[in-house]
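Chain lettering (A, B, C, D and E) follows the sequence in which the chains are written, and residue indices restart at 1 in each chain.
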Amino acid sequence: MTDHPISAPGAGIGRSLRVGLLVRRMMGTAGPVLAVVAGLLAIWYLAAIPMNAAQSVTDAERAGAAFDVSAAERRDMGGLSLVALAPGTALAGAYGQERPRLPAPHQVAGEMWASTFALGADCGPAERERDRLELFGRTWAVHEDCLAPVTSRRSLILHAGLTLAPTLLGFAIGSLLGVALAVGIVHSRVMDLSVMPWAIASQTIPILAIAPMIIVVMNSVGIQGLLPKAIISAYLSFFPVVVGMAKGLRAPSAADLDLMRTWGASGARILWHLRLPASAPYLFASLKIGVAAALVGAIVAELPTGAVRGLGARLLAGSYYGQTIQIWSALFAAAIAAALLVAAIGGIERGVLGRMGLRR
Amino acid sequence: QDLDELTLQLQWVTQAQFAGYYAALANGYYEDEGLDVTILPGGPDIAPPQVLAGGGADVMLNWMPSALAARERGVPVVNIAQPFTSSGLMLTCWADTGIEGPQDFAGRTIGVWFFGNEYPFLSWMSQEGIPTEEGAEGGVTVLKQGFNVDPLLQRQADCISTMTYNEYNQVLASGVAEDELTTFLYEDQGVATLEDGIYTLEENLEDPEMVDKLARFVRASMRGWEWAVENPEEAAEIIIDYDETGAQTYDHQLAMMEEIAKLVDTSQGGALDEAAYQRTVDTLLAGGSDPVITAAPEGAWTAQVTDAAGEM
Amino acid sequence: MTTISATSLDLTFQTADGPVHALRGIDLTVEAGEFVSFIGPSGCGKTTFLRCVAALETPTAGELQVQGMTPDEARRARAYGYVFQAAGLYPWRTIGRNVTLPLEIMGYPKAERRERMERVLDLVELSGFANKYPWQLSGGMQQRASIARALSFDAGILLMDEPFGALDEIVRDRLNEELLALWARTGKTCLFVTHSIPEAVYLSTKIVVMSPRPGRIADVIDSPLPRERPLDIRDTPEFLAVAHRVREGLREGMEAA
Amino acid sequence: MILGVWAALWGANVWVAGRSFGRWLAPVLFGAALLILWEMTVRLFGVPQVILPAPTAIGAAISANVPTLWADFVQTFVKGALSGWAIGCAAALLTALVIDRSGFLRRGVLPVGNFLAALPIVGTAPIFVMWLGFGWESKAAVVVAMVFFPVLVNTVAGLADTQPMQRDLMATYGASPGQRLRYLAAPSALPFVFNGLKIATTLALIGAIVAEFFGSPTVGMGFRISTEVGRLNLPMVWAEIAVAALAGSAFYGIVALIEKRLCFWHPSQRGGRP
Amino acid sequence: MTTISATSLDLTFQTADGPVHALRGIDLTVEAGEFVSFIGPSGCGKTTFLRCVAALETPTAGELQVQGMTPDEARRARAYGYVFQAAGLYPWRTIGRNVTLPLEIMGYPKAERRERMERVLDLVELSGFANKYPWQLSGGMQQRASIARALSFDAGILLMDEPFGALDEIVRDRLNEELLALWARTGKTCLFVTHSIPEAVYLSTKIVVMSPRPGRIADVIDSPLPRERPLDIRDTPEFLAVAHRVREGLREGMEAA
C-alpha cells in the first residue's frame, strides 16, 4: 500500500472519524436506553420487596415463623412498615412467590421464555409428562403438548400470532376508512364540519362497553370469526389516521395548489399528484399510532368474543387464576408485538419515503 | 349422515364446571344423537341471554336468577333442563375478621359477582334486612368483584363470593388453610337458587323438529354428565384438551370435577324439580323493597324437552 | 397582436377589517412577444394582477381579456406557465418528473413528455440533472427547473412572480441573462414581477410601475434599450436614465399613498 | 326509504354548511340525522331492545335515571378520569422538563416510554385494581398510566421545537437555563403540549370506565355499563354511553378552547398565515 | 480603540462527508465605532465569522478578542446585539414585549424597560405598533422591530446577518438610510453581512470581501466616502469606483475557488 507513516498528520482521520460517527450514533440511543432500562429494573426489584412483603410474612408464618403482630393487625400495615417489621423475611420472600403482587423481572422473563418455548410448570397429568427441566430455579414439566414449541397452547408466539390476524385486518380497514374520511373532509366542507366532531365523540365511547354489542349485532346478521374483532380494532385505529391524514392532505401550500390550477388539473388529479404524496410523512406517523391502537383493539375484542386464544384471552386467563406472572408476561408480549408492528411500519416508511425522495 | 347443527353458549370459560358437555362432545354422544354441537366458551363480557337473543346460539347455560331477570326484560328464555340440582355458591370470609354469621356483616366489605350473578346475594341480604346501598347505615360495602380471588388474598375485602368447585379451591391452593376461613354456603342459608340450567328461546319450543333436536341434545348431555361424574380424571383431561388458552392445570380441573360431581343429579335425566324452581322464585321474589323479579314468571320452564328425551 | 388587455380593472378583497382595494382602475395592454415587468412597493397588487390574468382571482369590476378569451377560458386552454418566487418543486419527484408533471396532467403521451422534458431542461441548461431530486440541486438550479416546468407545455404566456427574489446577486445576474436569451429564442409573452429596479430595466421591453393603497398603475415605461442586452448594458447612460425614471415613479407613488 | 331520508338530511346539511351558522349547526344536524336513521332502522327491522335499543328508549332511560347517572358521572369522571388526567399530565410535564435538560435521558426515556405506552389497558387495569383497591384511586392510576406517555412524548418534542435562531438569540442575551425555558422553550412547546393534552382527554375517560370492568364499588359508569349489560337493561347501558360521549366531547372541547386562548399566535390557530 | 481583533482564525466543521473549512486564516481588526460590511458568495463563511464573534461558534484555531475579552466573556457581558436575516420575533409576544424581552432577561426594572421600548420603537418608526403581534405586521416592519430589539439594551456591538435580505428595494433603501443615521447617532460598532454590493458600499467604513472553499478574506477596502451619505451618493464616481473594486474582488475570489 502506501508508505505514509501512520503517524503523519491527518492519517487515519477519515476512517476513525467515520467509525467514530457510527459509534456515536449507536451509543446515541443504545447507551441511554440501556441505562434507563437498568434504572427501571433496579427500581422494580426494590419495589418488589415492600409490594410482596405481606405475602412474604404470611408465607413465613404459615411455615412456622412467629411475629409480634397478628395477622388481623398486619392487614392495615403498609408494605414499608412490614419490611421494617421483618426485613429479613420480606427480602427472602420477595422474589420467589407463586402469585406475587409485583413479580420480579426475572420471574416475568422466565415465564416469557418458558411460554415462548412452551415449557409449562405442570401443564398436564403426571403420566403424560415426558421430562422435567430445571430452569430459573423452578421445575418445568415438558408436556407432550409442549414439545412443538410454536404450536403449543402455552406458546406466547402462538397467542400473539392469533391476535395479529384481526389486528392486521382491522388496521387495514381502519386505515382505509381513515384515509377515505380524510379525503372527504378535505374535499367537502360539509364532511369537515359534520364528521370531525362525531369522530372525536366516537373515541370517547368506551370500546369495551360497545364491543359486546358489536359482536352480538354482527352475529345476528351471520358474521362471525375474524371480522367482528377486526371491526373493533378498526374502530380504534381509524381515528389517528383521520386526524393525521386530514392534516397531511392539507399540507400542500396555497402556491402548490394554485400551480395545479394554472395547469387546469381536476380535484382528483390534485389529490393524486399533490395531496397524497405530500401527506405521506403524516400518513406514516399516524399509521404508527394506528397500528398500536389496532393491537389494543384486537386484544380488547377478545373479551366479548369469548376468544380462547390470543394475547387478550391469555391476559384474562391469567387474571381468572390470579397468575400475576402470567399476566405480566402476556402484557410484555403485547408491548413487544406493538413495538415490532411499529418498527415494521417504520421500515416501510423508510423505504417508501426514501424511494419518494422525501427522506434526506 | 347429515348432522343437525346446534350451538351451546357456556356462561364461563372452559372448565370442569361444563365437563358433561365437553365429555359428550369428546366421546361422540352428540354425534350418536345426530347432532353437530358447537360449544362457545363464555367470559366476563359475555351475557348468554343476549347471545341467545341475537341468534348467536341455540341454547345457553345460565343461573336461574339471571335467566328469570332476562325474561322480565323481554328475552323469552325457557328452562328446558336442570342438570345442577344443588348450588355451589358461597361466601368465603377471613376467620380472623370475627365474622360468624350474617349478623356480623354490618360494616364489612364484601365482594360480589355482578353481571346478572348478583341476584342471589342481593336477595339473601334483603332477607337478612341488611342494606347494600352505598353508605347505608348498618349495611355492607359491596364491591364488584373481579374474576379472581385476589380481593380476599390482598385483604381488600373481608368476604368474597366463591364457588365450592373453583374459587374456594384457588384460595386454598394459594396456601391458605381451611381453618383460616369462614364459609357460608347459600344452600345452608336457605337462599340457594338454581344454577347452571339449560335454556332456549320460547319460539324454539313451538317447532317440533327443534324440540326433538333439543331433546336429543339434553339426552346426550346428561349421558356426558353421567360419564364425567364417574370418570373425573379422564373428564379433567378432556377439559385440558379443550382449553385453548393453555392456562388450566390438570390438578385444578380434577379438584373442580370432584366438587362439581356433588352438584349434578343425573338420575332424573335433567328434569327440573318443580319444588326447587319454586324455592328459587320465592327467594327472588322475597327481595323486600327491591325484589329481583317483580312477579312470579309464567312459562319460564317446561318439561316438554326432558319428557321427550325420556321417551325416546 | 394584443395578448392581454385590461380595462378599468378593480379588485377589492372583503376582509374582517373591511375592504382592501388591491387593484383600482387598471388599464393595460400587452402585445404578443413583449416582456413586461411589474415593480412597486409591497402590497401594491402586483401578485394580485398576475393572479387575475391566470384566473386565480376574479376581478370585482372591469374587463380582462387574454388572447381574446376570458382568463378562465385561457386557463383551461392552458395558455399560462406560472413561476413562483419559491421554486415549488415537488420533493418526491425527480427534476425530470417535476417537469413532466403538467404534461402528465394535460394528458400528453409518454414519448412526447420525455422529448419535451429533455428539450426544456436543455433550454435551462439542466440536461443531465433529470434524475436528481430537487433538494440535491442549489437554489438557482431549482429555480431554473421551475422555469423549465413552466416552459414544458406550449403556453404562450409566461407569468413570473419574483422568480429570483430568493437568490443571491451573482446567481441572479446569470439567470437574468439566461432568461433574456430564452425569451428571445421562444418569443413568449412574459409578465414578470420584481422588486429590483436594475432587474426590471435589464429585462423588460415595458416596465409597469405600481403604487399602493389602492393598487394602481403609476407609470408605464417603454424601454428604449435594444433587444440584445449584454450584462454591462447596466453601466450605460440609457440604462441609468430608465432606472432613474423608475425610481422617481416609485418615489412619487409612495408619497402619494 | 332509509336511504331517502339519509339523502334528504344530507342535502339539508350541505345547505347548512354553506351558512355562517353551519359551524355548529352542521354537526348537530349530522348527529340528528344519525339518530333518526338509527330509530328508523330499529323500528322498521324490529331489532330487539336487548341488542340495540332505540334512541327514544335511551332518552327515556336518561330522564328516568338522572340521579344514578349523576352519581356514576361523579365517581368515574370527576374522581377517576379527571384526577388521573390532572396527575398524569402534571407528572408528564414535570418529567419532560427534567428529561429536556439532558439529551442522554431524552434519548433513553423516549423509546422505553413508547414501549411502555403500548401496554394494553386490559392487562394493566387488573394489576392496578389489585394494587390500589376497588375505589377510584385504581381508576385514576390506570388513567395516569394511559395519559402519561402521550403527554410526555409531545411535551419533549415541543420543548425541542425551538428554532436555532431563537436559541442563538437567547445565547446572545446571556440567558440562564431557567430563563431560556420560561421565555423560549415553554411558550413554543405549548401547541405540542396541547396536542398531548387533547389526546389524553379521550384516553382518560375510556381508561377510567374500562378499569371499572375489573373491579369497582357499586357505583360508576363502567360498573353500571357492565352490570346492566348482564341484566340486559340495554337502554341504561346506552344512557351511560351517551353521558360518556357527551362528557368526553365536552372535556375535549374545553381543552381545545383553552388551547385556542393560549396558542392564538400559532399558525394552526390563525388559519395558516405564517 | 480596537474592538475586535482576529488573528489567523480557523474554523473547520467535522461533518459526515468530511471536514468543511468554513474559515481559514482570518486576520481582521475592527476599531470602535466602525461600520464593517462582509460580502461574498454563499458559503464563504460570513455568517460563521459573525457567529464566532458572538461566541455562538468556537474557532478551531487562532486568536479572537472582543473588547479585550474572549467572545464568551463578551457575550456574558452582554456586548452584542444580534439581528438575523429573518426577523425571528416570538409570535406569542406583542412587538412591545418582543423588544423588552432581552431587557427582562437582563433584569432591567419595569419602568426602564417601558421607556427604552418606546424609545427604540420610535427610532425604527414603529411607535404605535407596540401592542400588535408580529404576524400582524409586514415583513419590513417585523425586520425593523427585530432591529429595535437588538438596540434596546446598550450593547456596544451590533451584529447584523443580512438583515434586509428579504425586503424590497424601496423599503431597503429607507432602512439603509435609517440604519446609517442610527449608527451615526449611537456610535456603535457594526458588523454587517450583505449580498448587495451597493448596500455594502453605501453603509460601510470598511468592506471585507470574502471568498469560499476555504472561507478566507479576499480583500479589505477602506471606504473613501464621507460619513454623511445621502442616498444619491450612489450615483457618484467615488461610489462606483468602490463598487467596482468590490465586484472585482468577488469575481477574483470566485475564479480562484
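To be clear about the criterion, a residue touches a chain if its C-beta (ideal position, glycine included) is under 8 Å from a C-beta of that chain, and two chains touch if they have at least 3 such contacts.
Chains and their UniProt names: A, D = NitT/TauT family transport system permease protein; C, E = NitT/TauT family transport system ATP-binding protein.
Note that the structure is predicted; figures quoted are calculated from it, not measured.
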>> By the touch criterion stated at the start, how many steps lie between chain B and chain E on the shortest route?
In response: 2
>> Along the graph of touching chains, what's the shortest path length in steps from chain A to chain D?
In response: 1
> When the CA atoms of chain C are placed over those of chain E, what is the turn angle between 0 and 180 degrees, to the nearest 5?
Replying inline: 175
> Relative to chain C, which chain has the most distant C-alpha mean position?
Replying inline: B
>> Taking the mean of each chain's Cα atoms, which chain ends up nearest the overall Cα mean?
In response: D
>> For the interfaces D-E and A-B, which has the higher count of C-beta pairs in contact?
In response: A-B
>> As a quick test, compute the distance in whole Å between the mean CA positions of chain D and chain E.
In response: 49
> Any idea how many Å lie between the Cα centroids of chain A and chain B?
Replying inline: 36
>> Averaging over Cα atoms per chain, report the distance between chain B and chain D in Å.
In response: 39
> With chain centres defined as C-alpha means, what is the inter-centre distance between chain B and chain C in Å?
Replying inline: 84
> What are the residues of chain D that contact at least two other chains?
Replying inline: 51, 126, 130, 213-214, 226, 229
>> If a residue has to touch 2 or more other chains to count, which residues of chain B qualify?
In response: 44-45, 47, 50, 53-54, 146, 150, 154
>> For the complex, give me every residue of chain B touching chain D.
In response: 44-45, 47, 49-50, 53-54, 66, 69-70, 73-75, 114-118, 132-134, 141-146, 150-151, 154, 156
> What does chain A use to touch chain C in their complex?
Replying inline: 253, 255-256, 258-265, 269, 273-274, 277-278, 280, 356-358, 360
> Once bound in the complex, which stretches of chain A touch chain B?
Replying inline: 54-55, 58-59, 62, 70-72, 75, 98-99, 101, 115, 120, 122-125, 152-155, 208, 211-212, 215-217, 219-220, 224, 303-304, 306, 308-309, 313-314, 316-323, 326
> Within the complex, which stretch of chain E touches chain C?
Replying inline: 41-42, 138-140, 168-171, 195-197, 235, 250, 254
> Once bound in the complex, which stretches of chain B touch chain A?
Replying inline: 13-14, 40-47, 50-51, 53-56, 96-97, 146-150, 153-155, 170, 174-175, 177, 233, 236-237, 240, 243-252
